[in-house]
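You will see two complexes here that share subunit A, one where it goes with subunit B and one where it goes with subunit C.
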Partner chain A sequence: MTGREYPWKRRPGWWLRNRRYLGFQLREAGGVVCALYGLVLLNMLIQLREGESAYTAFLDLLRTPPVLYLNLVLFALVVWHALTWFMLIGKAQPIQFTRQPLPWKVVFGVNVLLWLGVSGAVVYLIFGGI
Partner chain B sequence: MVESEVVFRVKRYRPESGGRPTFQEYTIPYRSDMVVLDGLNYIKDHVDPTLTFRWSCRMGICGSCGADVNGQPRLTCGTYIRDVHKGAVTVEPLSNFPILKDLVVDFDDFLNKLASVTPYIVRKDWGDLTKEYVQYPEDVEAYRQQSLCINCMLCYAACPVFGSSPEFVGPAASALALRYNRDTRDQGADARLARLNTKTGIWECTFVGECSVVCPKDVDPAAAIQTLKFLATMRHMRRLLMPGASSR
Partner chain C sequence: MLLEPVFWSLFSLGGFITAFLFPVTLFVLFFAAPLHLWPTDPAAYTTFLGHWKGPLVRLFFFVLIGGSLFHGTHRLKFMLVDAGFKGPAAEAFLDLILNGVAIFGSLGALFYAVRGWLF
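Here is the complex of A and B:
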C-alpha cells in the first residue's frame, strides 16, 4: 500500500446495507441467544436445588409479562437461527444421492419436517399429549 | 435514439489532493440499452476525462470493471442502467479495498492471497510431458463451476468478514483452491489445504453467503469454502489416524 492510497474502513451499520446482511446478523444474534438461554435453564436447575420456594419464585418470575414478551422475542430469534441454518445445510455439505446434489429447498424441507417431528415428540413427552 | 437523461453519482478520490473521497454528479444522455460502463465511458469521453476506472473486455470475461453500483458490487459492463436506475446511479469503488484513484482500487493483497493457494496444477513429477493427462467429462464437471471464476473481486467487496479481517484469504482464492484440489491432474491438494486450514483461511468464514449472491459467474464461493472446511477436517482426521496418507 502506498501513502497516497485511501484506506478502507468498514462503516458502522454495514449490516443494514441490505436485507441479507441483516438476516445474517439476526442469525448470529440467534446463536448468542441460544447460549444465553442455556444459562437461564442452568439457573433453573440451581433454583431447583435451592428448594421448593426458590424454584417457585423463579417460575413466577418466568411467568411475568416482561419475561414472557422477552421469551417471544428470543423464540423468534432462535426460530430464525434454525431456519436460516437449515437453508444453508445443502450448501455446507451437499447431499448427493444422484449425479447432482439435492436442491437446497429439498434439504431445507426435510430438515424442517424432522425438526417439527422431534419438537412434537418432545412436547408430547412433556405434556402427555398436545 | 436518446430517450432521456440519467444522473451518475460517482465517487472521486484524487490522491494528489490528499483529501477524502467525494461524490461528483454527472447528467448524461440515457438509452435503455446502456450498461453502467457505457455511462462511465460517456463521462470519460465527453464530460470529464479525469475520471479514472478500469475496464477491458466489456463482456463479463476479464473481471476488471467491478464497482459498487447503488451499494452492491457488480460488473459495470454487465449491469444495465435500467435495472439499477432509481433516481441516480451511484458508482463507488469496490468496498473493502484501499482506493488508488476514483474507482480504481489496489488489489495487490488479493493477488498475494491468490498466489498463496497455488491456483495452478501442481505436480510432484511431471514425468513424460509428451504424454496426455486424460480427463473424462465427469472429471471436468467436478471442478467446472469453480473454474468459471474471473478474479473480479466482487466477492471480496461483498464479504463483511474480509471487510473486518483483511487477513482472511477470502472467497475467490478459496474457490480456486477447491477448483485445483478437485482436478485429477493436480497433486498440490495437501499444501493448499494446509494453507487454508488456518485461522486466516477458511475457518474465518462465518457463511454470510453474500459472495455467492454477487458472483457474476455463479461460482458459489460460499459453498466452496464449506466444502473445503469438510475436506480440511477430513485431512486433519486422516493425518491423525493415518500419518502420511494422501489428502484428496
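Here is the complex of A and C:
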C-alpha cells in the first residue's frame, strides 16, 4: 500500500507572515550576498594585478555615495547572516560536553566571543593592525 | 547526485568562513576609511599591496572567496527551488551554473593568490 502524495504548496510571500520567517529569509539572502561579495573581492584582486590606476578606480567606485549606501545595506545582511549562523550552531548541532546539551544561548555567546577574537586577529594578522 | 555531499560540506564550511571572517574584512576594506572610522586607509593601493605580499594574506583571501562562493551559490540554488524553479532539468541547470561559478571563482582566487608568489 502506498501513501497518498499531497502536492507541496507554499503561498507567495509566506516569509512576510511573521518575524521568524522574515529573519530566516533575510539570513538566506545574506548568504547569497556573501557570494556577491566573494565576486567583488575576486575582482579586487584582479584590479590589484592590473595596477594602481585600475585598482584605485575600482575602489573609488565602491566609495561613491550610492554604492556605499547600497554596500551598507548589504553589509547589514552579512552581519545578520553571521549572527544567525552562530544562533544555529547550538540548535542544529547540540554540543554536549556535559550530561545535558549546552543551551543554544550559551553556544551563541561563546561563538560571538570567538568571533570578536577572530576579528581582532584578522585586523592584526591580515591588515597590519590599526 | 554523487557530488551532493561534497557541495553540502563546502556549503557548511563556507558558512563558518563567511560568518567568522566576512564582517571584519568587509568593514576594514570598504567602510572603515570612507566613514572615517579608521586612522589609515587599509584598502589603499600601496597599503594593500604591501600586505598582499604575505602568503598568509593570500591564503586568507583564497579561503574567503572560495568559502563565500560555495556557501552563497548553494543558498541561492535552494532559494530559487523554493521560488518555483523545480524539477530535475531545472535543478541540473542550476547545479551547472551555480556550482560552475563557485568552482571557477575559487580557481580564479587560487590563481591570483599564487601568482606573483609561486610563479
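In this text, the second predicted complex is superposed on the first by the 114 of 130 C-alpha atoms of A that agree within 3 Å, B and C clash if a C-alpha of one lies under 4 Å from a C-alpha of the other, contacts with A are read in each partner's own complex, and residues count from 1 in each chain.
Note that a contact is a pair of C-beta atoms (placed from the backbone, for glycine too) under 8 Å apart; a residue touches a chain by one contact, two chains touch by 3 or more.
What you are looking at is a predicted structure, and each value in this text was computed from that prediction instead of being measured.
**Student:** Kindly classify A:72 by the partners it touches after superposition: subunit B alone (first), subunit C alone (second), both, or neither?
**Tutor:** second
**Student:** Output check: A:28 vs subunit B and subunit C. Expected answer is one of first, second, both, neither. What do you get?
**Tutor:** A:28 sits against subunit B and subunit C alike.
**Student:** Now for A:127: first (subunit B), second (subunit C), both, or neither, which partner does it touch?
**Tutor:** The second partner, subunit C, only.
**Student:** Counting only touches as set out at the top, which of subunit B and subunit C does A:37 meet: first, second, both, neither?
**Tutor:** Touch status of A:37: second partner only.
**Student:** In the superposed model, does subunit B or subunit C contact more residues of subunit A?
**Tutor:** It is C that touches the greater number of subunit A residues.
**Student:** Taking the superposition as given, does A:17 touch the first partner, subunit B, the second, subunit C, both, or neither?
**Tutor:** Only subunit B is touched by A:17; subunit C is not.
**Student:** Does subunit B (first) or subunit C (second) touch A:5, or do both, or does neither?
**Tutor:** The answer is first: A:5 touches subunit B but not subunit C.
**Student:** Which of the two partners, first being subunit B and second being subunit C, lies in contact with A:91: first, second, both, or neither?
**Tutor:** Only subunit B; A:91 stays clear of subunit C.
**Student:** From the superposed pair, tell me which subunit A residues show up as contacts to subunit B and also as contacts to subunit C.
**Tutor:** Residues 10, 28 of subunit A touch both subunit B and subunit C.
**Student:** Taking the complex as given, what residues does subunit A use to touch subunit C?
**Tutor:** 10, 28-29, 31-39, 41-42, 44-46, 48-49, 52, 55-56, 59, 62-63, 68, 71-72, 75, 78-79, 81-82, 85-86, 114-115, 118-119, 122-123, 125-128, 130
**Student:** Show which residues of subunit A lie in contact with subunit B when the two form their complex.
**Tutor:** Those in contact with subunit B are residues 1-2, 4-8, 10, 14-15, 17-18, 20-21, 24, 28, 88, 91-94.
**Student:** Which part of subunit C faces subunit A closely enough to touch in the complex?
**Tutor:** Checking each residue of subunit C against subunit A gives 14-16, 18-31, 34, 38-40, 42-45, 47-52, 56-57, 60-61, 64-69, 71-73, 75-76, 78-79, 82, 101-102, 105, 108-109, 112-113, 115-116.
**Student:** Could you list, by residue number, the parts of subunit B that touch subunit A in their complex?
**Tutor:** Residues in contact with subunit A: 13, 15-16, 18, 20-21, 71-72, 95-100, 106, 108, 160, 163-164, 166, 206-210, 213, 220, 222-223, 226-227, 229-230.
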